[in-house]
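One chain, chain A, links the two complexes that follow: it is found with chain B in the first and with chain C in the second.
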Partner chain A sequence: MKNLLFLLIIFFLYQQDSFALPSQDREVKIYKNIRCLACQGQTLNDSNSDFANDLKKVIKRKLDNNETDQQIYSYLTARYGDWILFNPPVKQSTLLLWFFPVFILVIGLLILYKRTVFGKSKLS
Partner chain B sequence: MTSNIGLISLIISSILSLFILILFFKHVLFGGPLHSKFFALYNASFFLIAVSFVLLVISFVVSDFSIVAVYENSHTDKPFFYKFAGTWGNHEGSMLLFILIISLYGYLFLIFTKQLNFSLRFTTIFFQTSLQFVFLLFLILTSNPFEKIFPIPNQGLGLNPILQDPLLVLHPPFLYLGYVGFSLVFSLLLGGLVTNQYNQNWAGLAKRWIFLPWTFLTFGIGLGSFWAYYELGWGGYWFWDPVENASLMPWIASTALIHSVLVMDKTKKLFNWTAILTILTFVLSLFGTFLVRSGILNSVHAFANDPERGLYILFIISLITLSALVIYILKSAKQTGDENGFILFSREFSIVVNNYLLIFALTVVTIGTTYPILLSVFTEESISVGPQYYNTILAPFVFIFLILMGIGPYMKWNKNSFAINRNKLTSFVLSSLIVTALVSLILKNQNFIFILGVACSLFLIISVVYEFAYFKHIKLKQFNFARLFSHAGFGFLILAITLHYFFSKEFTTKIQLGETSSYQEFAIKFSNYFSKQGKNYQELIGEYEIQKNGEKVILKPSIRKYSHPQQFTSETSIRGEWLSDMYIAMDYTSDASSGIGIRFYYNYSIRLIWLSYILITIGGLLSFVQRKNEK
Partner chain C sequence: MKNKLKSTSIFLLFISFFVIFYYALQSDTKNNTQIMVGSKLPNIQLSSLFNPAQKISLPSTENENFYLINIWSSWCVPCRDEHPFLVKLKNDNQIKIFGINYKDKTSNALDFLSKLGDPFYYVGVDSDGSKSIEIGGYGVPETYVINSDGIIVFKHVGPINITTYEKIVAVIK
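Our next item is the complex of A and B:
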């Protein structure tokens, strides 16, 4: 057990600055979250259609103007609706989408807890 | 002529099915022996459906354009292979295949269960016939595959070119053999409940009929994923597209079922839960068909954009679900197993936790798939639910799941067995951490999620390898190879997905002939292009030289212009490099002078993903090898 802890500590010390997701370009990350409205189910990143290229230019300009991701997304949803974002925003109409799984998780855990026999095996 | 015989066989088959249902009710309500030809009638109804299917295949192969389905989906220019596969590349043909498989499973059931209790046997066939009958009516009344057209056209409209692919010949039949196959265990459940034989023996019997379709479904999903990878040209292997999810939902439910039925078999527990999972698995399979066939979704699979048919299917699903639930509620109370709780750290406890996590995953996939549809129906608001939603919610639980998959099999039935395994598990943890540290050093990546993904999947893989390597006193025949292979396959799958996620590279650009475009360690030169004439398409092939660390590879993606129907497709060019792929797809362009857009992907360890699909499928197959210590 001590060895294990020791190893874990070494492990975490050695990789301090690494909790962030891969240093993907912010630009690509945004493109990947946007639906190419002129294509079938493709992301902006995967498409070279005129629509995608034009929209990429617009987004690039906004990035150069130091706008935040949130500003860019609200600009897009104001014009095209939430449909354009692959990652649905948390708001009133999507509450169930985000929190129903959590509800199932908690209910399941309660049932699991109730049906579990703790302590040493009572059969032996 | 063939079309008449085809339709007549379908009609006779449905009359026979109805007759079987009547014979059953006569026997149950008025007593007296069951008609001696009950099973023979069922087999006859199966053969008639098979005949009708073969006739439809022949009509497609010989391009009989007097049939609407052939006219709309075939063309004489099409290669033989795709004329053949075109049979199920349309709504009517695929529904006929659907029914053929329902019927086939009943036929197989009769062949392999000759020793089975008579009443359970014929009641199961009764339920299977009911399913077959309902869908036959649907087929004949709303989607007759042999409907005729007059005057007879000289030429057909052709098949969507994206479906003209060798894998299309295999993908739909396997997928159907999978999820339609769950109809049999569904009928077996209802049969067991009605005849009061839903007990431990039932679980032993049902196992095979869950493993069989599960194996097909696993393989079918794998094929679909591989097809999407090389045919769609988007570089990925899974897009969390609603159509993919439609096949994933019954897969998750049936995976939970495989495990819960084991608990029922060994410990007489989880009777109610297993019954519910059985119903859920089949209903989700039907629901998947509804999603794909109703035209609600816009995709290559949705050939029938006819809302009326969608309503019919929805009605049938509701009918089947309700009937099953009524039977379950009326009959299950008498047939309950051991109601005691689950002992912490026993084998059955770990399986219950497995089911808990699988149901959670199922909830996420189901709600993510249906929420946008429901929202647009009720509020006219449209949202998209993409990969980020699923990845964000599911990823943490996949890690926990891997650990549990490694620990669970070491636990003993009915006994808290944590203490006796403590040293073993500690050594698995240590060895997986050491290997992870090495991997992390070699690949120069210290991201926390990366390390977690690698460590957890290695933990599972090591626990499987240990079981295989160090249990020398066990004879080869006693190994549970089914579990070892499928669990190892899952470990490799998550390992491969983690590696792929962190080390893949992609970029899109537009290059002119002769130019070179560079990205990180890759330099791509558009060196040449030429055109070629295929059987039913013209092809523009581009030649790209890719330099990576001094090595040169040539890739030749292309754009095809199909003539019937007139449509463009982009064919990818892929070159493997050990487990990774270099991958290029070209964009359609009307004006090549301003350069052609390409998408370049370096897909790290993607071949390990295909390999793990194969391992999991092999695991399913090995469940049919009788183990020595097995009943």
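Our next item is the complex of A and C:
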């Protein structure tokens, strides 16, 4: 049980960008969530293509104009669709994508809990 | 009884996985370049290639049934390939074509037009690529057909060939 708890803590820490990448600023964070549509599976942050550089400049300008992350993402998805985002927004068509893994995790934890508790009670 | 319930649940779980993954495979997960089709063309202001002091705004306020926007550059090889189709579109269909000269040297752009012909009603400059991004562009060449309400009714990413030419003609007729 202790090991399981330890693994869960590591898992959740890994999920938190602030722990994984402490020096990452907002600009890079946004670039990392944007797909370079002119490249093969690269983020905007990793790409030096013309398209990526143009988009970086546009995003930088929007950040300087104090636009929120959500406003920037909305601007981009209106022009290029949800495909441009690595983390698609939570909406009806993506509910399954977001919550199915959580559902499976809960089922798994329940099975694990049932087995460990019942296993212990059987032993005692 | 307990075993039957267990095997039924596993079976149902398997079926639901199958349905979910089948549905996921059917859904469009590729880049869709046609997102802007059916939307209003965002406002952009362009400075003229020939006279930087002269500016125009798109969508055009002139009373046109349809007009074209073409993103091009002199350094773009496919732009040279599609250029005769733009000239033909202008000559045969009397349609106004607004050019957006993408990240180009003015002298090279002017040379390109003087050598290959100028099918454009107006050529605006996009020196940093931001105008193209504003209208949902990916690069060069790219062509849009806009109707009188300023709605994008057709978009083509890549050079115009005979098939694209015929599609454009069918849209503007």
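What to note about this one:
Methods note: the second predicted complex is superposed on the first by the 94 of 124 C-alpha atoms of A that agree within 3 Å, B and C clash if a C-alpha of one lies under 4 Å from a C-alpha of the other, contacts with A are read in each partner's own complex, and residues count from 1 in each chain.
By definition in this document, a residue touches a chain if its C-beta (ideal position, glycine included) is under 8 Å from a C-beta of that chain, and two chains touch if they have at least 3 such contacts.
Everything quoted here is computed from the prediction, not taken from an experiment.
When the two structures are aligned on the shared chain, A:V117 is found in touch with chain B, with no touch to chain C.
Contacts of A:F51 after superposition: chain C is touched, whereas chain B is not reached.
When the two complexes are overlaid on their common chain A, residue A:F100 makes contact with chain B and with chain C alike.
Touched residues of chain A were counted for both chain B and chain C, and B has more of them. Once the two complexes are laid over each other on the shared chain, residue contacts for A:A38 go to chain C alone; chain B is not touched.
After overlaying the two complexes on the shared chain, residue contacts for A:W83 are found with chain B and with chain C alike. Overlap of the chain B and chain C contact sets on chain A: residues 81, 83, 93, 96, 100. The touching residues of chain B, counted against chain A in their complex, run 234-235, 239, 241, 298-299, 340-344, 346, 349, 352-353, 356, 359-360, 363-364, 367-368, 371, 375, 379, 381-389, 392-393, 414-416, 426, 429-430, 433-434, 437, 440, 446-451, 501-502, 506, 508, 510, 587, 597, 599. Residues 37-38, 50-51, 53-55, 57-58, 61, 78-81, 83, 93, 96, 100 of chain A are the ones touching chain C in the complex.
Residue ranges on chain C touching chain A, taken from their complex, read 20, 24, 27, 29-32, 35-36, 39, 103, 128-130, 132-136, 138-139. For chain A in complex with chain B, the touching residues are 1, 3-4, 7-8, 11, 14-15, 17-22, 33, 35, 40-43, 45-46, 48-49, 81-88, 93-94, 96-97, 100-101, 104-105, 108-109, 112, 114-124.
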